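Take this structure first; my questions come after.
Chain nomenclature is as follows: A, B, C, D and E, assigned in order of appearance, with residue numbering initiated at 1 for each chain independently.
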Amino acid sequence: MKLFEFLGYYNYWVFAILLMIGFYAVIAKANLIKKLIGLSIFQSAVFLMYISMDKVEGGTAPIIKPGVVDQLYSNPLPQVLILTAIVVGVSTLALGLAIVVRIKERYGTIEENEILDAD
Amino acid sequence: MSPQLAIMLALVVPLVGAALIAITGRLHDNLRETVTLITATLLAVIVWSLVPLILDGERPEVTLLQVMPGIDIGFRVEPLGMLFATLASSLWIINSIYSIGYMRGNKEKNQTRFYICFALAITATMGLAFSANLFTLFLFYELLTLSTYPLVAHKGDAGTVKSARVYLGVLLSTSIALLLTAIIWTYHVAGSGDFVLGGILRGLMDPASVGLLLALFVFGVGKAAIMPVHRWLPAAMVAPTPVSALLHAVAVVKAGVFTITKVIVYIFGADYLFSLPQSGWLVYLAAFTIISASLVALRQTNLKRLLAYSTIAQLSYVIMAAAILKPMAEIGAAVHMVAHAFGKITLFFAAGAIYVAAKKTDIAQLRGIGRRMPWTMAAFSIGALSMIGVPPTAGFVSKWYILGGALQAGHYVAIFTIIASTVLNAAYFLPIVYMAWFEKEDTSINTNTSVIKEHGEAPLLMVLALTITAALTIGFFFFNGTVIELEKQIVPRLDSS
Amino acid sequence: MTIVFAIFLLTMLVITAVAIVQSSNLFVSVMLTSIFSLLMSTNFFVLDAADVALTEAAVGAGITTVIFLSALALTATQEKPNRSGRGIALIVVGLTASLIIYATFDKPRLGDPDAPVHQHVAPYYLDNTMEQMGFPNVVTAVLSSYRGYDTLGEVFVVFAACIGVLFILDARTGTGPKYVTRKMTGLRHHLIPQVVGRILVPFIVLFGLYVQFHGEYGPGGGFQAGAIIATAFILYSLLEGEQAALRAVPRSAQLGLVICGALMFGMVGVLCMIMGGEFLDYSVLMENPVTARQIGIIVIEAGVGMAVCGAMLSIFHAFAARSAEDTDEAV
Amino acid sequence: MIEWLLIVVDIVSWILLIIGSICVLIGGIGVLRMPDFYSRIHAASLTDTMATLALFSGMILQAGFSLAAAKLFAIMLFLLLTGPTATYALANSALLSGHKPKAAVLEKKVE
Amino acid sequence: MDFAQHLPALQVIVPLLAAPLIVLLQPRGFAWAATTATAFFSFAVSIAIAVRILAGDILRYEMGGWFAPIGIELRVDAFSAIVLLIISGAAAISLIAARNSINQQIEDHRQPLFFAAWLLAIAGLVGMVVTADAFNIFVFMEISSLAGYILIAGGPDRRTLPAVFKYLIIGTIGATFYLIGVGMIYMMTGTLNLEDMAQRVVGIEDQRPILVAAAFVFIGLALKAALFPLHVWLPNAYTHAPHMVTVFLAACGTKVAVYVLLRFQFSIFQSFGEHLLQFALFLMPLALLGIIVASLVAMFEGHLKRMLAFSSVAQIGYILMGASLMSDSGITASTLHMFNHALTKGALFLAVAKFATQYADLRIDSLKSAARSMPLTSFAFVIAGLSLIGVPGTAGFISKWQLIMAIMETGNMGFIMVAIVVISSLIAVGYIWRVIETLYAIPTDDLPDDAADVSVKPEKIDMLLIALIFTVAMNIYFGLVPGLPLTLAELSSKILLKVEF
């Protein structure tokens, strides 16, 4: 049982680790695209956290099976939230990339330190 | 005319005057100056109309609007404010006459702006004088600072701007940092900031805090030019002389000492303060300011700067008198405001007249000038005598009362200070008078040949103005009954305690 | 068994993420990001979130990768080495990590049916969807009705991103070839991909439509469908070239799709208000509230699909047009 | 009779699944062990084609006559179409961008 | 349909739905007019809401007809109402003034998109305020953020781009942190409705996920609110944004984040006595430090817009300091300062925008003697500057008064805080006066007067100038008659502290 309890938390730990990897990339990387990649990992980690909490042991996806009684379903709410969040994430990303493209055109580089030097 | 209406008019008239000046300034100079004079006269009439009421013991009140619960903009005329308003508004007429002569004689630029700001400053002074509570007082206090800034910076060159920065910096920062804190503290403790005879703080604070609050007020009111927040006053001397005369001898600096006196009388309550040893330091501080400012004045070579330091010393007279916290001294404080106003405005007028006529600013240049400008120097001498306190001048009256108060309180430091400063005053004023009348004109000092020119008196308007003030200085010695009568009303509670 | 599989997937996720950050070749990073999304999607599936898995696959692995690649084509593919800022990054990251790990130990265990999330609001949805909506997919029900307002917001986020990219990249919104495209012939000279692609495109669109309109009964809905259909058109433009794709779906049509989709959603809501209900209360649209809700949901899902599809296409073409312009300048 | 048939179908499906898995494994080893790019994608294509075919056939047999079987069939078709195409596109673009096969390089050296 | 009943919904959906319409109908000049009209409608709605609130109502609206916590509920109380007024007022004023400035800075064909983004920004900000649902806040936060990035990216200078990028990264991190926090609370309570959350959090407040959630929500929103030292994105973003955008964002952008922050701290985490204390202990030093440091930076900043941007950071410190006092009067001061600072900073940036119509370079030195050619603008700048300093008679004074009063109530410790407020006011005198002096400096160059006058056109009286004067007048009006914001602020503090009234 100990082992299973440990495994039960594994999702949260992976969430933490992914979050940190993404966060690290955002802060430490000077390349703007790399920052955005880091940002998308960062956001994905949060999606994982939400989805992890919707799981019910022995449940299935929340699509009601008519006539079946006593069927456990996983929680639909976090799924809805994350559907929204995924689309928000890609929207932000697209905007960010558009800015990066413009930066490249105006500065000729996408490295943060070189941009700072240029001004 | 109901007194309420009069109060409102006293505020509105100079404001409207400012607007009219702005409009007429584009049309014609004479028209503009006529408007100024009419406004000044009208204001004086209105303010004087209130005097009999106050003498009868009435205290008309107007509440303009409530800003926050417990905090409103309101006006209430009481003897101190009445005196101050009367003084400022009456002298404004004379000063306007003088200004016209000065500004034209000197061919200054931006004259319209000058008159507008002047009118605004007078508005602020009226509001300050009639304010019914600390909040209103603070509002007009800041307005006064801001409206006089353009006057000080009038010339606009680098040196002037720098001085004006000192002026504004000291006044604005002390008021925001200390005065505002003190006011909010008062509101916090007492729940209101209304001026009530006998004070509103009695028993609400522990004595140490009272001492601290008093310090916040005294240093917060930078306009009172008590050391070490006096730096702005010499700096302000870069302004045109009419400004120095009315504002930095009368309106602004008097606003400072007026505020402190008012706070002592109506917020703390003089007898309450007297019962607390924690407030005794103020007399010493004022005494120190008197002596050291006089000493500094001794070393000045520029006439206006000398007058500035003299002003600092004289202002501290008022504060010291108020801080002695005895009835006679409180009256003395009020009377000295008037007496010093007459004397000092005369001195400044004379200095300005000399500058316009002869372009001379240094004391050393004044040798023998009495022969060329007899009227001016005669007035100057009267003003100087009043500063020293020689009868029959106004200065004697007030010194008499202050000295009386100090004796009442048995405050030997104060007595000593008064005597010492009289000697010092004599030491820096009398040589000038002597030089002007009895020494020969020395042309060798003026290396700048263009300056050496034959000159007589200053323009007629200026001479007229300074003659009137000199006459007032002497007249006050004989006819001061009304003022004393008025100011006795602020002290009955003191007698009873 | 499932849990072991889940652990395997999660571990793979971490490894991929590390690889993404480590690789200095941006192209490799982007491709790994695509794999990362796919792994994530699988993981969601394991955790019983079919709808999310589908979305993550379509949006995360599909659209995101395409946008990344088109941006890379315009910028750089190699990251320059830079070691500054690592210390601060590690400290900040370490602090945040310890905060999260600290929080972990009071959290309900994975799959615990007694967890608060399964007790309070969610049961209402599970119990009442059939009755109130008349279809079994609870996620769709929550998405489009119970929390329809969120979804409206989300459509407008997409709309914002769309106009943002157009604004920033300054792509024309009008019709007509403003940019002369040079040699953007796609894969026309590669016969095999072209033929296969041509066969596939209609089927992908068909699948997209299936996902769109089957959303009430199985996993799917407007978002997924929009993304899938957009992918089909993007594939088409890769195959046939920018020009041909724009002939098929001109810019104005793309933008029109976004606007109409967003407005359709909003207008349904306004209609509900006019009919006397609250904003987005579909039940007032018809006599029978259940049918009314179904109608409302179909319309707004269509709106969502249109908006997402149009936005993704607009964004893609904005990037693509940029590269066309660039080559012109270079020549 | 029907039970016997079911067992046979089951066995066949498992055999297919195992073959598929082995193909995937071989493909994976191949990708790791092969010397250059082209031979690697050659190995990988085993996963795309044979493994897909085998695995999906196995799964379809497992699913029996149902909607799931149809879906699986569709997916299989899709993968069989796209997998080789992708491999082709990959190899083609590698060649176009100037990436020479190792064998060619060796031949050149020998010459 | 009953108009009054739908007020909270209309507040959001009108600007939201107007945005695509503007992109759809693109004839020239229409975009601006339609946007402005929408903003004014929005303003009217928020006034109507404020009237209802002052009558004692709390407006609730069940989106989609689903009761909370099943559906999303909109909920407007006094605290929301005052923030709504700030947002829609700032939008209306900045938009009506925006036409010429925007024509100057944004090409014609891009304007419809730009104005659509502006509407989305309005909708996003008001959406965050009216909603009572934690996740819905996130969605609208993203709408407003994306729209904000677009608006700022309209700036002409190339330095705009790195500034926006930085804002985008930090903004997204902030939003994601918020999302993590909300997720953790949801995990422990099972609900997203704020009220419901507040009730269900009772009893589990000492559980670690809730504590950590509080931290994440705080940091996330502090990033959005540009709380020192998380303000790094703000100065550049404000400096390089189009001038009118700066007006709008400076007036209301960060305030909404502060709004959400206070809502969370006081409504959700209200029940933890200890937590509130920790929050105060954590927030207060940051606020104080922010006030001092940002003011000092502003003091030595040479670019007018950057200087004002740093001053904004300091002002956010004031707002949060008031809140960190945890007292009725403290929160009143804080809310009031949100309102007053919006007025003041709005006016200052409007003046900057007006200056920008004649001066390409907005470094302070290059504005020398601007008062000669632009007397009205300069004078307006002076008044607004005085309001920023807190001179009596201006709106800034009222909030400073309230703030110091609130500090005094805390007793002895308060003197340090009073000292800091006072010192920073003095610094404000310093940096504002530096500008005023430059504006009114007499040209020292040897050119004759008329030559200088020829080089600079006289100021044109346009909508921008009128809006500027109007805003300045409002500064004075609310400095003398602060009844409306004060009442709302007092009601807000009662709501936040849950004092019965």
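The working rule: contacts are C-beta pairs under 8 Å (C-beta built on N, C-alpha and C of every residue); 3 or more make two chains touch, one makes a residue touch a chain.
No experiment lies behind these values; they were computed from the predicted model shown.
Counting only chains that touch, the fewest steps needed to get from subunit A to subunit B is 2.
In the assembly without subunit E, touching between the remaining chains defines the groups A, C, D | B. With centres computed from CA atoms alone, E is the chain lying nearest the middle of all the protein shown.
Interface comparison, C-D versus C-E: the pair with the greater number of contacting C-beta pairs is C-E.
Greatest centre-to-centre distance from subunit A is found for B, with centres as Cα means. Among the remaining chains, the Cα-based centre furthest from that of subunit D is the centre of B. The distance from the centre of subunit A to the centre of subunit E, each centre being the mean of the chain's C-alpha atoms, comes to 29 Å. Centre-to-centre spacing of subunit C and subunit E amounts to 32 Å, using the average Cα coordinate of each chain.
Computed from the mean C-alpha positions, the centre of subunit B lies at a distance of 44 Å from the centre of subunit E. With touch defined as above, residues shared between interfaces to two or more other chains in subunit E number as follows: 135, 139, 142, 146, 149-150, 153, 180, 186-187, 192.
Annotation for subunit A: residues touching 2 or more other chains are 19, 23, 53, 77-78, 81, 84, 88, 91-92, 95, 99-100, 102. Each of residues 100, 104-105, 107-108, 115, 117-118, 121-122, 125, 147, 150, 153-154, 157, 160-161, 164, 168 in subunit C touches at least two other chains. Chain pairs recorded as touching, per the definition above, are A-C, A-E, B-E, C-D, C-E.
The touching residues of subunit C, counted against subunit E in their complex, run 99-100, 102-108, 115-122, 124-125, 145-150, 152-154, 156-157, 159-161, 163-164, 166-168, 170, 172-174, 255-256, 258-259, 262-263, 266-267, 269-270, 273-274, 276-284. Residue ranges on subunit E touching subunit B, taken from their complex, read 386, 389-393, 398, 400-402, 404-405, 408-409, 418, 422-423, 425-426, 429, 433, 437, 440-442, 444, 480-482, 486.
Residues 187, 190, 192-193, 196-197, 199-200, 203 of subunit C touch subunit D in their complex.
Within the complex formed with subunit C, the residues of subunit D that make contact are 78, 81-82, 85, 88-89, 92. Every residue of subunit E that touches subunit C in the complex is listed here, in rising order: 1, 6, 9, 13, 16-17, 19-21, 23-24, 26, 61-66, 69-72, 109-110, 112-114, 116-117, 120, 123, 127, 133, 135-136, 139-140, 142-143, 146-147, 149-150, 153-154, 180, 184, 186-192, 200, 207-209, 211-213, 215-216.
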